[in-house]
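Next come two complexes built around chain A: one with chain B, the other with chain C.
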Partner chain A sequence: MSASIEQFTQSLRERMTVPSLGLDDDSRFAYWLLLPSIAMMALIHFIPMVWGFVISFMEVNDSTFIDWMSAPISPLKQYGAIFQPDTAVGAEFWSSLVETFLFAFGTTIGVYVLGLTTALLLNKSFRGKFTARTLVLIPYFAPAVATIYIWRMMFTADTGVVNELLVWLGVINSTDEVFWLIGNNALISMIVVNIWKNFPFAAIMLYAGLQSIPEQLYEAASIDGASRWATFRYVTLPQLKPVTAVIILLMIVWSFINFTIPYLLLDKNPENGEVLMLFIYNFAFQNGDYSLGAALSIILLVISMVISYGYYRATMQSSVQGGAV
Partner chain B sequence: MGTVELQQLRKRFGSGDDAVVAVDDLSLELEDGEFLVLVGPSGCGKSTTLRMIAGLESATDGDIRIGEESVTDFEPRDRDIAMVFQNYALYPHMTARENMAFGLKMNSSLDEATIDDRVTDVAQTLSIEPLLDDTPSELSGGQQQRVALGRAIVREPAVFLMDEPLSNLDAKLRSQMRTELQALQETLDTTTIYVTHDQTEAMTMGDRIAILNEGELQQVGTPLECYNTPANQFVAGFIGSPSMNFLDVTHDAGTLTHEAFTYELSEATTELLEDQTDYVMGIRPEDLDLTPDGAIDADAEVVEPLGDLSHVHARVGETLVTATVPAGTQLPAGESLTLSVPESRLHIFDHSSGEAVKNSDGPTQEQPLIAAE
Partner chain C sequence: MGGFPSEFELSTDARDHLIDAFQKFVLGLILTFTLFPIFMMIATSLKSESELYRDGLHLLPSTLNVQNYVDMWARFDLVGFFLNSLIIAGTTTVICLTVGSLAAYAFSRYEFPGKGLFGLTILSTQMIPGVLILIPIFILYITVQREFGVPMINTYHGIIFIYSTFTVPFAIWMLRGYFDTIPAALEDAARIDGCTRLQALYRIVLPLAMPGIAATGMFVFIIAFNEVLFASAFANDGVTPFAIGIQKFQTSTGTHWTEMMAAATVSSVPLLLIFGLFQKQIVSGLTAGSVKQ
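So, the complex of A and B:
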C-alpha cells in the first residue's frame, strides 16, 4: 500500500513541472499539494475578509451594491457614525457591545462550570459511563436550527415548558408568566442555550485533561495530607490550566461571533439581546447598509483579536508547561 | 517511635476465579531507625506491600502497626509516613520550594515562616538550595530526585517509604545517590522501607533485606545472611550478581553425582542430607576455581572481561555455569577445563522444596575492619 502511494507521488512529481519559487524540491511539492486547500480558504475566508475591509471605507448599500466598485469612497464615515452617539448606529452600538460582553462572559463561566462538573462526574467509575459520555455530546452535535427552535418553543411565555416547570416547582404563579424571549430575560435565555449547546465541548476537553493527570500526583497529595478540596484546588485545577485556557479563549471568541443562537432564538430584530453579530446582520442585510455592516464587523474582529491576544499573553504562555494538555 | 509491624498482611485483587493474591500472609517487624529493603522480581508484591503501608491500597487481611498504633484503616495522611515515588510525583506546576512545603502546609499547623525555614534547612542538607525556585521541568532527573527526597524529609515523619526511587537515574548517578541515601538515613535515623528489584541496592543499602517472591516472604536477614545462608534456592539465585550456579545432582552414600562429574562429600555434610536422592548443588561464581585437577569437567564458552576480574561462562554437561576468574584470563571457546569448589563454600538445596540443606561458611555479620582494643 505505502509502496504504491510512494510510486504514485513519485510519478506525480515527475509529471508536474512547476516553477521553483526559490524553494527546495520537497517544500515546493508540498505547497503544490496544499494549493487546492489554500485556494478554497482564500475563496471562503480571505477574499470576503479583504472585501469587507475594503467596503468598510466606502458607501456600499442596496442602491450601489450591483456596481460596488464605483460606490463613493468615504474613509471614515462608517467608523465615525459608529462612534457617534447621535447617529442611528452609534446610539445602539455601545449597548450592543455590552450585551455581547455579557453574553460571552455568562456563556464562558456557565460552559466552564457545567463542563468541569460533567467532566469530574464522567471521570468517576460507574456503570453506563460510555452511554453517559455519548449522551453528554448530543447537544454539541445536534443540528443547531432544530435544537434552538425547540428551545424557543420551550421558552415561549404562554405555552412553553420552562414556565410550566417553574409554576410546578412553585417558583412563579401561573398568572405571572415570564417572558423569556423579550426584555431583559432575552440575554439570559441566549446564555442558557449557548451554555447548553457548548458545555459538551468543554466537558470532553476537560475529561481528556483529567484523564491525563498522573495518578501518582493524587497519591502524593493524599500522603501529603491534602483534603479532597485541597487536592482539587492544588492538583486538579492547576493541571487543567492549559486546557482551561483553551476552552475560555474559544468560548469568548465563539460567543462574540455567535450568530445562530441570537438570530434563531430571538428572531431578527429583538428589542433586547441584540448582540453585535445580530446588530451587524440587521444593519447590513435588513437595512441594506453593507459598508456599515462591514465596518462593524471589522470592529468586532479587532475587539476579538485584542481580547484573544491579551488573554493569550496573560494565561496561555505561562500555563502550557507541566499540565494536562 | 518509628517501629513498623506487619502482621499476616494479605492483599487480594479481584474476586472469584480471577482473584490474584499479590501479598500473602506477610509478617515483618522493623525496629525504630532501621533501614529495610524489600526486594524481589517484578510482580512479587513488594510495591503492593509498600502501598498498603502507605495507605494507598487497603489490606485484604492482616494488620499494619506504626509505633504502638494499628494504622490499617487510617488515611495515608494520618499514618505519619512520607513516600518517595519511582517517578518522583512532583507537582509540575509548583516550584521545588512549594513542592517541599506542600505536605507541611496541608498537614501541620506550622506558620509559613517556620515551614520556609524547614524547607531551606532540608534543601541545604540535600544541596538543592539554589534550585528551590525552579519548577520540576527545569530540573534534571537527579535534582528532581533530591526534591522528592526533600519533600519527604521536611515532614519529619516516623517512617520513610521509598518505591524504587533510584530506578529512573543513570547508572553513575544511581550509585552516587545510593551512597548519599544511606548516609542520609543514618543521619536522620528514621525508619525506612525501601522497595527495589535491584539486588545490588538491596545488598548495599539495607540493615536487613526482606526477599519476596509471588507475594510470599522468602527470607529476612542482613545482606550477608541472605547472601551466605540463603533460606532457599530462590533467595540464593536472586541475591548475588552474577547469580549462583545451580547443578542438579543425585546423592548416594556421600557422593553427589551430576551428568558431568561426581563430588565426594565429607561425613559431616552427608549427615545433613536425608534419605532422598535429588538435590541441587549451588555454587557462587567466585567460589568456582579454575584448577588443573578440579573435580568438575567443563567446556569454556565465553570470557567476559570486566577490568578488575573476568567471568568465564562454561558448560558443565548441559548446564551453563559462571566462574569469576582473575582479570586477563584467556580461554578459547570450546577449551576443556576443570573447576573445583571447596566443600565449605558449597550450598545444597532440596530439589523438590528448594529449601537450603547446607549453606556456605561465609560470614553472616559484618566484620569490624579494625579490631577493638
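So, the complex of A and C:
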C-alpha cells in the first residue's frame, strides 16, 4: 500500500517539471519546505503591515473603514498631528513614548538581574533543586490572563494585599492607601508584573547557558588563584554573552509591543500610565481613528527596529544571526 | 604549627557556610515573590466576598468556602469558554508545528539563497505591533466574507489562522535549535539507503526531534491560550475563548474577585499539569534554540 503511494509520488515528481531557476535540488527543496510559513506570514504579517503603512497616510476611521480605499488621502496629516504638541495626540505622545521606554528598560533590567541571580543560585547542587527549578517557572506557564488579574487584585488600593502588607509592615498608614494602578505608580506596577511574568524565561535560558560553560575554564581560573568575583567577571559573564544578547533583545521588543499587561492591569482608563500600545489602542479603537492608530504603530515599529538593529550590531552578531527570534 | 592550618580551614568553612546560608535566603525570597500571587489566587478563591473586603491583613481564609467554585459556573458559560480555548489553542498548535517544523528543518539543514533574509524576516515579525495589523486583517476578513461568502470573523478557523501565523516564527526558531542537535549523518545514511529528502525528514528526523516538538507545542499552546487583543476583535459570540471570558467577572457594578480567582485557579490546573509532566523537555526545548553546546 505505502509502496504504491511512493511509486505514485515518485512518478508524479518525475512528470512535474519545476523550473529550476538555476537553483540546485537542495535549494529548491528548502524553498518548498519554507513555502507554507512564508505564505502565512505574508498574509497575516506583511501584507497587513504594508496595508497599515498605507492607511497611516489616509483618513480611515469608523465610518470609512469598510470602504477604506475611497477614504481621503492626506499624506502627512497623522504624522503631523503626532509631532505637534498642540493636538490631542501630540500633547501626550512624548510622555507616552517616555513611559514606553521606562517600561521596556525597567522590565529588561529587572528580568535580567533577577533571572541571572536565580540561574546562579540554581546552578549549584542542593537538595530540592529540581523542585525549586519547577516552582520558579510557574509564572511563565500559568495562564497570563489569570495571573495579571491576580496582580490587579493585589494592587487594588482599598482591599489589595500589597497595601495591606505595607500597612502591616508599618511602611504606610492605613488611611494613606497607595493607588498602585493610577498615574506614575501604574508604571511601577506594570514593570513588577512584567518582571514577575518573564524572569523565569531569563532564568532558565541563563541556567542552560551556565551549564554549557566548559568546566576547564573554571579549573584554569582556580589554578590562577582567581577570586569568586574575578571568576564571575572574567569567566562566567563573558561566556553568557550570547544568551544575554538574546534575552535583552527579546525583553526590550516584547515590552515595547506588550498589550496584554497594560490593558488587563490598568483597563482602558486614560488617566492611568499609558504606554504606547495602550495609547494606540485608545485612539484607534475607542475613538475609531484607525489612520492615527496606524501612524502611531508605524512609529513604534520603526523605534523597535532601530533599537534591535543597533543592539544587533553592537553585540554578538553571530548569536542573533539567522534563527534567533 | 599543626593548629594554624586547621584554624584557617575552619574559618573558610564558616565563610562558605555563611555564603551558603545567604544564597538559600535569596533563593527563598525569589521563590516567595514567584509563588505569592499563586497563593493569593487560591486563598482568595476560598474566601467569601465579605471576607475579601474586611480591613487588615488576613492572608488565609477564616473558613474554607468552596461556594465560589460552584457559583462561577452559573454566572458565565465558563465550560464553553474553556472548550473554545482548547479548540482554538489545540488546532493552532497542530498547524503551527506542521508548518513550522518544515521551515525549521530547511533552515537547519540547507544552504539556500536568501537564508539570511529569511532569518531577518522571522525576527522582524516579532516587532510588529498587533494594533498595526489588526485593522487590515479585519478588513481582509470582511472582504473574504463578502466576496467569497466564507465567514471569517467570530469563527474558529478565522482566529486559528491568525494564531497559527503569529506562533510560526517562534516555533521555527525553537525547532531549528532542536534540529541542529540531530546529527545530519543519520539522514545521509537514510538517503544512501534510498529515502527521499522528505522521507528522511519524517522517518528519521521528526521522530528524533519529538521531545523538542512537544516542548515547542507547549509554548505555542500557551501563547494561543493567552492572546487577548486579536481574540477580542475576532473571537466573540460562540467562539469566545477563556482569556476573553474571564474578563466578564468584571462587571459595571464591580469585580467578582473571589469567583474570578476560583475560575483562574481552575484554568491554571491543566496548564500547570502539562507543564509539570513535560518540564524536562520544555526546559531543554526552550534553551536548545539559543545556547549552542
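Here are some notes:
The rule we apply is simple: the second predicted complex is superposed on the first by the 282 of 325 C-alpha atoms of A that agree within 3 Å, B and C clash if a C-alpha of one lies under 4 Å from a C-alpha of the other, contacts with A are read in each partner's own complex, and residues count from 1 in each chain.
Just so it is clear, contacts are C-beta pairs under 8 Å (C-beta built on N, C-alpha and C of every residue); 3 or more make two chains touch, one makes a residue touch a chain.
What you are looking at is a predicted structure, and each value in this text was computed from that prediction instead of being measured.
Once chain A is used to superpose the two complexes, chain B occupies space next to chain C without a clash. Contact comparison for chain A: of chain B and chain C, C touches the greater number of residues. Of the two partner chains placed by superposition, only chain C is touched by A:242; chain B is not.
Of the two partner chains, chain C is the only one that A:47 touches; chain B does not reach it.
Touch criterion met: A:217 reaches chain B, while chain C stays clear of it. In the superposition on chain A, A:171 contacts neither chain B nor chain C. When the two structures are aligned on the shared chain, A:76 is found in touch with neither chain B nor chain C. In the overlay built on the shared chain, the residue A:113 is in contact with neither chain B nor chain C.
Once the two complexes are laid on top of each other via chain A, the angle at chain A between chain B and chain C, using C-alpha centres, comes to 80°, given in steps of 10. Put simply, the nearest alpha carbons of chain B and chain C end up 6 Å apart when the two models share chain A. Within chain A, the residues touching chain B in one complex and chain C in the other are 321-323. Residues of chain A that touch chain C in their complex: 10, 23, 26-27, 29-31, 33-34, 36-38, 40-41, 43-45, 47-49, 51-52, 55, 60, 65-66, 68, 114, 117-118, 121-122, 124, 126, 132-139, 141-147, 149-151, 153-154, 158-159, 161, 164-165, 167-168, 174, 196, 200-201, 204-205, 207-209, 212, 242-243, 246, 250, 253-254, 256-257, 259-260, 263-264, 277, 280-281, 284-285, 290, 293-294, 297-298, 300-301, 304-305, 308, 319-325. Residue ranges on chain B touching chain A, taken from their complex, read 54-56, 75-77, 81-83, 85, 87, 89-94, 102-103, 106-107, 135-137, 151, 155. Contact residues of chain A toward chain B in the complex are 214, 216-217, 219-227, 230, 234-235, 238-239, 241, 321-323. Within the complex formed with chain A, the chain C residues making contact are 23-24, 26-27, 30-31, 33-35, 37-38, 40-41, 44, 52-53, 55-57, 59, 99-100, 102-103, 105-107, 109-113, 115-116, 118-119, 121-137, 139-140, 142, 161-162, 164-166, 168-170, 172-173, 176-177, 196-197, 222, 225-229, 242-243, 246-247, 255, 257, 260-261, 263-264, 267-268, 271-272, 275-276, 279, 283-284, 286-287, 289-293.
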